[in-house]
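Below are two complexes that have chain A in common, paired first with chain B and then with chain C.
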Partner chain A sequence: MTLELKDVSLRFGADTHIYPTSLTLDPGSFNILLGTTLAGKTTLMKLMAGLEKPTRGEVWFSGKNVTGVSVRSRNVSMVYQQFINYPNLTVYENIASPLRVARVSEAEIKKKVQSLAELLKLSPMLQRRPGELSGGQQQRTALARALIKDSDLVLLDEPLANLDFKLREELRDELPRLFADRDCIVVYATTEPTEALLFGGNTACLHQGRIAQFGPTGEIYRAPKDLVSAQVFSDPPINTVAVTKRGGEFRLADMATWAATGDFANIADGDYTLGVRPHHVSPLASGDNPVGVDGKVLVAELSGSESIIHFTMHGATWVSQSHGIHPFEVGSQAKLYADMSRAMLFDMDGRRVAA
Partner chain B sequence: MNNKTINHAAWIFVLPVVALVAFNAIIPLMTVVNYSVQETFGDNTFFWAGVIWFEEVLHSTRFHDALLRQLTFTFTILAIEVPLGVAIALAMPRKGPWVSVCLVTMALPLLIPWNVVGAMWNIFALPDIGLLGRGLNVLGFDYNFTRQPGDAWFTLIVMDVWHWTSLVVLLAYAGLVSIPDAYYQAAKIDGAGSFAIFRFIQLPKLKRVLTIAVLLRFMDSFMIYTEPFVLTGGGPGNSTTLLSIDLVKIALGQFDLGPAAAMSLIYFLIILLLSWIFYTLMMRSEAQ
Partner chain C sequence: MRRYSWLVPTLYILFLMLPIYWLLNMSFKTTNEILGSFTLWPQEFTLENYRVIFTDPTWYNGYINSLIYVTLNTVLSVAVALPAAYAFSRYRFLGDKHLFFWLLTNRMAPPAVFALPFFQLYSAVGLFDTHLAVALAHTLFNIPLAVWILEGFMSGVPKELDETAYVDGHSFWSFFLKIFVPTIAAGIGVAAFFCFMFSWVELLLAKTLTAVEAKPIAATMTRTASTSGYELGLLAAAGSLTIVPGAFVIYFVRNYIAKGFALGRV
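Up next, the complex of A and B:
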């Protein structure tokens, strides 16, 4: 039950939506497609489902070539960002609909619907219509519809994006449990790096129709292969600036210099792009190798326990995300400290070097 | 505590609307009410008549017949135009260059003035020279809409279907286009066929626009005057004399202002009542 994309690409006329992509997803795995809007997440899912036929390349499932096989004859289910249910059927009938099409017996349908409704807390609403439910309940109904037919492939296309914060957290907690004892392949598209980190599993970083990197979620977050992966997997965006290494020392224009320590000590002299995650930039000198940089404050957002400061620094816009309340006046000059021991270094082609 | 701002100058801004509605609706309507309760003589002298005109109209066979013809006409064209309009909208392409071609073609009949439509179909259906009339006769049908009531009705209904189905098509098409793609994909994934998609996705989603379409077509067809007047003039005999045609005959042909005014008001109330019933029923089924 492995899903394999072999050099799959999709073009409409002169527009390339998906560049040749190869990906292998194992049974029972939870896979996250992480990328901004228009990165190609939905399109890639449609290719996996068979809703879209690839221009080139092949889709294999369980060792069989299923390229061009209609979605009707595949065992796939999908949940969308919008809450898609049959508007004039009751919740019960909505959940039962895939089984009705498959001509499953009434007793069997009843048993399955009831156990799923129990699991998704829909039991009291089975006789209502989707229009009478809250957003969260509507999406649960859609989820139940996707789960009831024991699909081999379950595609979740930003299913929590249209829910308010509290419902989103609730459903996010439940999701992994729903799939815990199934051996289907789950693919979950999201724009939020935090969501990917919470789910774990594997992540594919998608950027402009290409998969920048695919692997275990935590690994990709800690050790992105290149600048694109690091950028996709960072919210707020990762801070970057051009630096030069000469001798045992890094230089950021004429603003700051610091010693190349640890893994950085061994890399060749030359020009690099420095990447520092926002939570490693702070108004206070902290960490193993804090280096002060000067900037002009653009935005200062103080939430209850966190300060987010946007500032321009040597032509780039940087973000600092730190604990505690650090008031800054917009437009003022500020000194902030980047912990260079946690920084990442990319060569001129965007590939990550060392640490 | 009452902290509403009171500003009487605001009334001034409402005045234009009041004036417009008064000229548009209230004054003409009250004129009709005025006529309907009086006996009018040629030199503009009036005598109070009470409700006798209303009684006369409501008890006259002539009114009953016209009303029956009117209801037959309206429900026949609704029964044809609504399903046909939905079917055409379903068959129209959703994207690509053909969309604008189809939309413009569909909108064309709606742009033709009503009396032109009537005149066009009159000539088109003439049994001796018209393409339709002559054609039918050549094919062996004994067709003559100026002599045979059945043929007159047939022509009248085909003309209205030709003229107004487009309105239902455009409304239904707008409704169909607004259904997100994801619904169709979800149905495909479920393995639903095209009838199931129509029955469980498209039809429920079209309910609102179809309510509007039925209401508009109902009101318009109930008030229809120009086209049948130009096409058949209400004939042969009285066979296609719909309410509005009869009304004009009474008011302007016989100059019976009292009965005509009473009939106008009854006519108006029937439309209002039926529209209200339609709307309420449809909204109620929506709520369920």
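Up next, the complex of A and C:
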């Protein structure tokens, strides 16, 4: 049960929604599609499901070409960001729907619906209609319907995005448990890097209809292949600025210089793009190689335990995310420290230079 | 000032109800009383007018004929409009917007324009003086209206519902009939209501395309001058009864219509 996309692309007229994409998802794997809105996550899922037919390329499942096979004949489930349920049916019938179509016996339907309802805490609501439920319960109903048949492929398109914070956390904890004893391929689309990191599994970074990188989630986070992956996998966005390396030393315009330590020592002289994650920029000098930069404060958001400071620095907008409360006057000059030992370097083509 | 705030609405409602009251009032009077004196309520209360209508076939057949072609028309219009509206709401195809607008332009011409061609055509193919003739003629106006209303309701249903049904394994018709149609039941109610009302009150085509067999009630009413002059009491009773079906239908779909207004399509 391997899902393979082979050079799949999708165009509508002159608009390209998905550029030629190849992707192999292993049986029983949990895969995350990470990208901003309009990156093509939903479209890619529809291509996987068979709801859209690719303009070019082929979709293979378990070694069979299923490109032209309609979604009905594939064993797929899907949950959308909007809470999609059949409004005229009770929760029970909503969950039972895929089994009814497959003409499963009444006794078995009852058994399965009840055990799933138990698992998803829907038991008291089975006789109600979806419209009478809260958002969280509606989405649980949609999840239950997606889980009741043993699908080979389960597609979850930002299923938690429309839920409030508390419910989102709750359901996020439950999700991996639901798939623990199944051998289906799960694809989970999200805009939030944090969510991807919490789930683990594999991540595909999607940017403007292209997969920038695909691999184990932690690996991509720590060692993105290029600038695009690093940008997709960072929230707040990763800070970038042009730097020059010359003779064992990095120079950021005439603002700062620092020694190329560790792996940075071995790379060739030249112009690079420096990338620093927001939580490696702090008002306090910390880390192995803190380098001070001067900036003008744009916004200072102080939450209970964290300070997020947006500032302009050498023409670029940077964000610092640090623990503790660090009040800054908006418009004032500030000195912040970037831990250069944790920075990433990209060459002029956007590829990450080994560090 | 506040103490008299009930005054204007009350006057307005009285103003609206007055013709209906007068019609009912007349229907319980004898023709002699109507013509003879000005009375605010029946002096000699009589149900004779209603008795005539419910016992004389030339009268009650008028109602039966009207109800037959109106029902036929409503069913036809909604049945045809459902798939059309679905196509307009779910698919992009060449000239879809123009076609949608063109459908509506059909409603802009007065029915009288079509009376002659319909009369000639139906006479030629032997449809003249049948219920189907009137029902078909009215679909010309009602299908565009129904498509317009239903398209609004259907576009309010996310496309993801369709996809979810296909993912669950439903075929198109299974999804359409078991899930989609119940989901937009309110819209179907509103569309049916407007088709019903148009067909029920439309007189010109109904009268032109029928003679005896399918003669509508409104036509019957216009042809009841007897030797003793117009029987006003009888006419008033017939008029009162024509209000009844419309009132019934409005009562049943009133909540749906409010919903339709909220969606901006009615």
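Note that in this section the second predicted complex is superposed on the first by the 355 of 355 C-alpha atoms of A that agree within 3 Å, B and C clash if a C-alpha of one lies under 4 Å from a C-alpha of the other, contacts with A are read in each partner's own complex, and residues count from 1 in each chain.
The rule we apply is simple: a residue touches a chain if its C-beta (ideal position, glycine included) is under 8 Å from a C-beta of that chain, and two chains touch if they have at least 3 such contacts.
Note that the structure is a prediction, hence the values are computed from the model and not measured.
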Does the chain A-based superposition show chain B and chain C clashing or fitting?
-> clash
Touched partner set for A:Ala49, first chain B, second chain C, both or neither | both
Which of chain B and chain C A:Gln208 touches, first, second, both or neither | neither
Please work out whether A:Ser341 is in contact with chain B alone, chain C alone, both, or neither, and reply first, second, both or neither.
-> neither
For A:Asn88, decide between first (touching chain B), second (touching chain C), both and neither.
-> both
Could you list which residues of chain A make contact with chain B in one structure and with chain C in the other?
-> 46, 49, 51, 71-72, 76-78, 80, 82, 84, 86-89, 97-98, 101-102, 145
Chain C - residues contacting chain A, complex = 158, 160-161, 163-171, 174, 179, 182-183, 185
Per the touch rule above, chain A residues touching chain C in the complex are 46, 49, 51, 70-72, 76-78, 80, 82, 84, 86-89, 97-98, 101-102, 142, 145
Touching residues (chain side chain A, partner chain B) in the complex = 46, 49, 51, 71-72, 76-78, 80, 82, 84, 86-89, 97-98, 101-102, 145
Which residues, counting only chain B, touch chain A once they are in their complex?
-> 180, 182-183, 185-186, 188-192, 196, 200-201, 204-205
